[in-house]
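The two complexes that follow have chain A in common; it is paired with chain B in the first and with chain C in the second.
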Partner chain A sequence: MTVLAQSQASKVRPWKLVLGGIVVTMLAVLAWGLTRDPSYIPSQLVGRSVPAFALPELNGKGTVAADELRGTPLVINFWASWCVSCRAEHALLTGFGREVATRDDVRIVGINYRDAPAAAARFQDELGAFSYRSGQDPSGRTGIDFGVYGLPETFFIDRDGIVMARHVGPLTEAALKHNLSLIGVTR
Partner chain B sequence: MTASLVKIGLSAATTAFALSLFAILAATLAARGSRPAFLVGARNALIVNFALVTLAAFTVVWSFVVTDFSVLYVAENANSRLPLLYRLTALWGAHEGSLLLWLWYLCLFSAIAVAIDWRSHPLSMPWIIATLAAVQAGFIGFIVFLSSPFREIFPAPPEGRDLNPLLQDPGLAFHPPLLYMGYVAFSVPFAFAIAALIRGHAGAEWVRAVRRWTLFAWAALTSGIMLGGYWAYYELGWGGYWAWDPVENASFLPWLTGTAFLHSIMAQDRRNMFHTWNVFLIVTTFALSLLGTFLVRSGVLTSVHSFAVDPGRGTYMLAFLAVVMVAGYGLVIWRAERLTAATQLESAWSREAMLLVNNLFLLAAAAVVLLGTLYPLIVEAVSGDRVTVGAPYFNKVAIPMLVAVVFLMGIGPVVPWRSIKARRLTDFLRWPALVALVAVAVALLAGVREAIGIAAIGAVAFTLAATVLDFRRSVAAHRAVAKGGWLSSAWRVMRNARQRYGGMIVHLGILVIAFGMLASGLFQQSVIVSLKPGESIALGPYHVTFRGVESIDGPNYRARAGRFDVSRDGVPVMEMRPEKRSYQERQMVTTEAAIASSLMGDLYLVLGDEAAQGAATVRGYWNPLILWLWVGWLVVLVGAAVAGSARLYGARTPAAATVAQEQTA
Partner chain C sequence: MRPRRILAMVLVAVLAVPTVVAPVLTTPALAQPVKQQDAVDSRVFAIGAKLRCPVCQSETILDSHSSSAKEMLRIVREQIEAGRSDAEIVGYFHDRYGDYVLMQPPARGANHVLWVLPLLILLLGGFWLARWLGRSRRAAAAQAAPAVAFTERDLERLKL
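Up next is the complex of A and B:
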């Protein structure tokens, strides 16, 4: 008995190694996760057709629909008034929107995600109106189709309606340029 | 004037930080040298900390009440037009305040725990205090140094930003505090477990002391999760209540392991078994609670719920999590030999064996959900590929395990401790099995073809029958002895064994929830049609006739309202009016769905675009029995309260224990 007990005590039990291994692995993965740039999140959508949507326009005058936007490379930006990071990309987006208005090889629309229209209007009053249309998605239903995780998110769609890239987090000049090149648009 | 108020808050929090460090030191010295004066000092420090943190939290809340925009956190999360209720709940509207709420709960629970168990656990108390103080120090340090809600801005902006509109809803306003209450209440059982581990003496006392804490934490966590689902269903309006979002998973993980812990501590109480297992489970549950906070707040996994990404904060939280995990699991590994159970499993057909199997399923479910949540990180770390894991994975791997748990809920409680003869067990389970077969046959006739749906229907029916029959047997046995009526006997049986029947009521509540999930999941109907006036559609038991669209004027909007006559079996029952509103001033359009909710199911109508000749697009859903999810939640809460009111087996007098044993045998 005592010999058996001793030999058990001197040998490390397997479950201890497994438990220790799991703890260390998990912490390592989480630590590594912190070093990662969270703005490049994969999307199952990339390589697929853009999900169909038909949303009432934020100004109440019409609809923003996927069908009518086919045929030209398209940028879709999800934003909301409560999203702090959306403020960081606002100037870039409105500037890009003014540029897009003068050319016909690319288009851009916004989708106002899980937001109150009045709050969305205040947001634009404060920071400047978008130079392009936004559809409203108050229930987040369209966002779910797109797999939107955290705002802002921007999707880049080529002329055939295939999603080519997804950018999570505020857009930068470089990211915009890079992603536009993926849908055949030079800037 | 009020600007100085948050300065007081910051000073209070800083003092609390110093006191928590003092408490760790004093409690450790008290344990080493058994110096009672040090221990009293450490205890008092925890109690003073509660007062200090309450004051600190109050300064922030008051700044919201008076909308003092010189406080950065207030300016970022409230404006003067926000109603008072939402200015109060804005405290947990963002990162800094959420953590302050977390800390406040922690200090409240710490103070209560040391006050209640001060005399009953003298030998463990130094380590309990040291552990709680250490967790406090971790959180206060974070709040004071890295994520301060007390920061001021100068000059103060004239107006603040709006609170995230998602939080401007009663359902969501109270979802985070309930969830946090659950997370944080697990810190008390955790501290008792750490004390037991350090002392190398994990008998049954500590599980008895933490049973009510565990029940409370579990009930709060359950409520937080259910309230979140309620809000998702009624406010988001996409017909679902659970999306397997990483943040939802983060709250579900400690629920799964906490449920396992709640069950397995019974085995330690009754049979003096599962010592190592129980400390492992509570360390895991607390670590997962922290992981939940970490995932939401660090940006490691992006989610609908998290917006601010700050690597400094993430690093701190990860370090904190690492300390908790290394210390907790390290102690489990180091002390395991000292915790060998006094008794062994006698039979595979015993309550303790059933509890073990239940634990394994719950833990396996937690493992696959955790794996699915972290999988994108793991894959990217190993191969550089980026993947996402969606609902199909979780439904495929986690649901079967949960169905197995429901099935075990039927068997476990009827199997006595130690062992049961096969003959008696088949006697007990014959009727439930028959009921399950009938339910499965009915489901097949009703057109259910999904294997997992059929299995779930069988499991729910089986467990419902087993639970009801078990109660009936106990009442019959009581009547045979006491000769009372059915009702009075039922009352006495219930009152004499509140722990057991409280648990059974919780089981019934879970079954009701499962019933609602199954019915609404398997039999939902949805249509999108274009209707002309006079045309009608069938949805569930109802006949919905479109009568046309009319204009109405609201206080600050004009609306187009659809009129729908709803009839059932040819009898008109109600009129529903989904609206499309356009707010003139802002030139905005919103849709107002019409929902008719009843225990039979919810009828849900949305008015879409109008076309020529008065026609309109209509979206309609019939979600059968979905209200039962929340009825089941109430039943669960009643059961938890009944169970919590009972004293434990081991804590009873011998005479009372004998009676109880007879009751449940």
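Up next is the complex of A and C:
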């Protein structure tokens, strides 16, 4: 009896170890996967030139165009009245917009994405007007050019027109400061 | 064949069915409405079935009812009408959204894991199943054989 027990205990099955190792590794990878946001899409635009756009301004006067914005570090914020988390960053953006108006080393524009001017106006009536211009992108085509998938999204473009960073979700003071530093703007 | 082995084979066959049937069921051919489609429409369907809707969860832009997906389909149609090739149109979206936008991730780089892993799991599973069946068969055989042979003396003693 003791001899039998010993022979069973000493039987090491290498394939069992290998299989066990693979299963444990896979479980670890899958567990790590659960901590990630499945809807997050990495930006294809970072490191590339900002897509060309020329959009009618939300107030009906003039155009917001990529060409006229060249030469100065630029922040582009995609927003919409239907976007709930855009409300969270609104105060920060309007505050930053007022600050930008006083300096000439950075600019900011909004792009009103898949929205109607009337709804956008109500949004601003409720939360306060933006302190900078917004272009209208009702079809979302400009958004597609930027690879936009979930609002709000904010792009940081350097003076040469290269997209240096994209922030998905409501902007925070820290994220704004960090991303501005990537386009050579100190705040 | 032993019933257990037959059972195991049936089990494997049943488990394998979805891997064969799923791609067939999700091909654009079946997703198309019954009415006659012209050449442009069938290309829109074919390309739309390859592209993943960026605002949905694993849905093609053809299946999705989101306005973003509908706009992407409109772009596909416009580009077909402008004479662009399927590869150019898929490339247009791939340029903007990366591999995410492709329903079938291209087999390159780290993506190889996606393609190799299921095969690896199948092979390891088959290996494990074979071992398990072999061992249970040996155990059954061992059980059937008498553990201790009777000696002549035992037989003598049994004779009453």
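In this text, the second predicted complex is superposed on the first by the 147 of 187 C-alpha atoms of A that agree within 3 Å, B and C clash if a C-alpha of one lies under 4 Å from a C-alpha of the other, contacts with A are read in each partner's own complex, and residues count from 1 in each chain.
Keep this in mind: contacts are C-beta pairs under 8 Å (C-beta built on N, C-alpha and C of every residue); 3 or more make two chains touch, one makes a residue touch a chain.
All values derive from a computational prediction rather than experimental measurement.
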State whether A:145 touches chain B only (first), chain C only (second), both chains, or neither.
second
When the two structures are overlaid on chain A, which partner does A:114 contact: first (chain B), second (chain C), both, or neither?
both
After superposing on the shared chain, does chain C or chain B touch more chain A residues?
B
Touched partner set for A:19, first chain B, second chain C, both or neither:
both
With the two structures laid over each other on chain A, which partner does A:136 touch: chain B (first), chain C (second), both, or neither?
first
Overlap of the chain B and chain C footprints on chain A, listed as residue numbers
19, 38, 41-42, 44, 114, 139-141, 144, 147, 149-150
Any idea which chain C residues touch chain A in the complex?
54-55, 57, 67-68, 71-72, 75, 93, 95-98, 100, 120, 124, 127-128, 131
Could you please specify the touching residues of chain A with respect to chain B in the complex?
9, 13, 16, 19-20, 23, 26-27, 29-34, 36, 38, 40-44, 56-61, 63, 81-85, 114-122, 136, 138-141, 144, 147-151, 168-169
In the complex, chain A touches chain C at residues 15, 19, 22, 38-39, 41-42, 44-45, 114, 139-141, 144-147, 149-150
Quick check: in the complex, which residue numbers of chain B touch chain A?
76, 162-166, 168, 236-238, 243, 280, 294, 298-304, 306-309, 311, 314-315, 318, 321-322, 325-326, 329, 332-333, 336-337, 374, 376-378, 380-381, 385-388, 390, 582-583, 586-591, 609
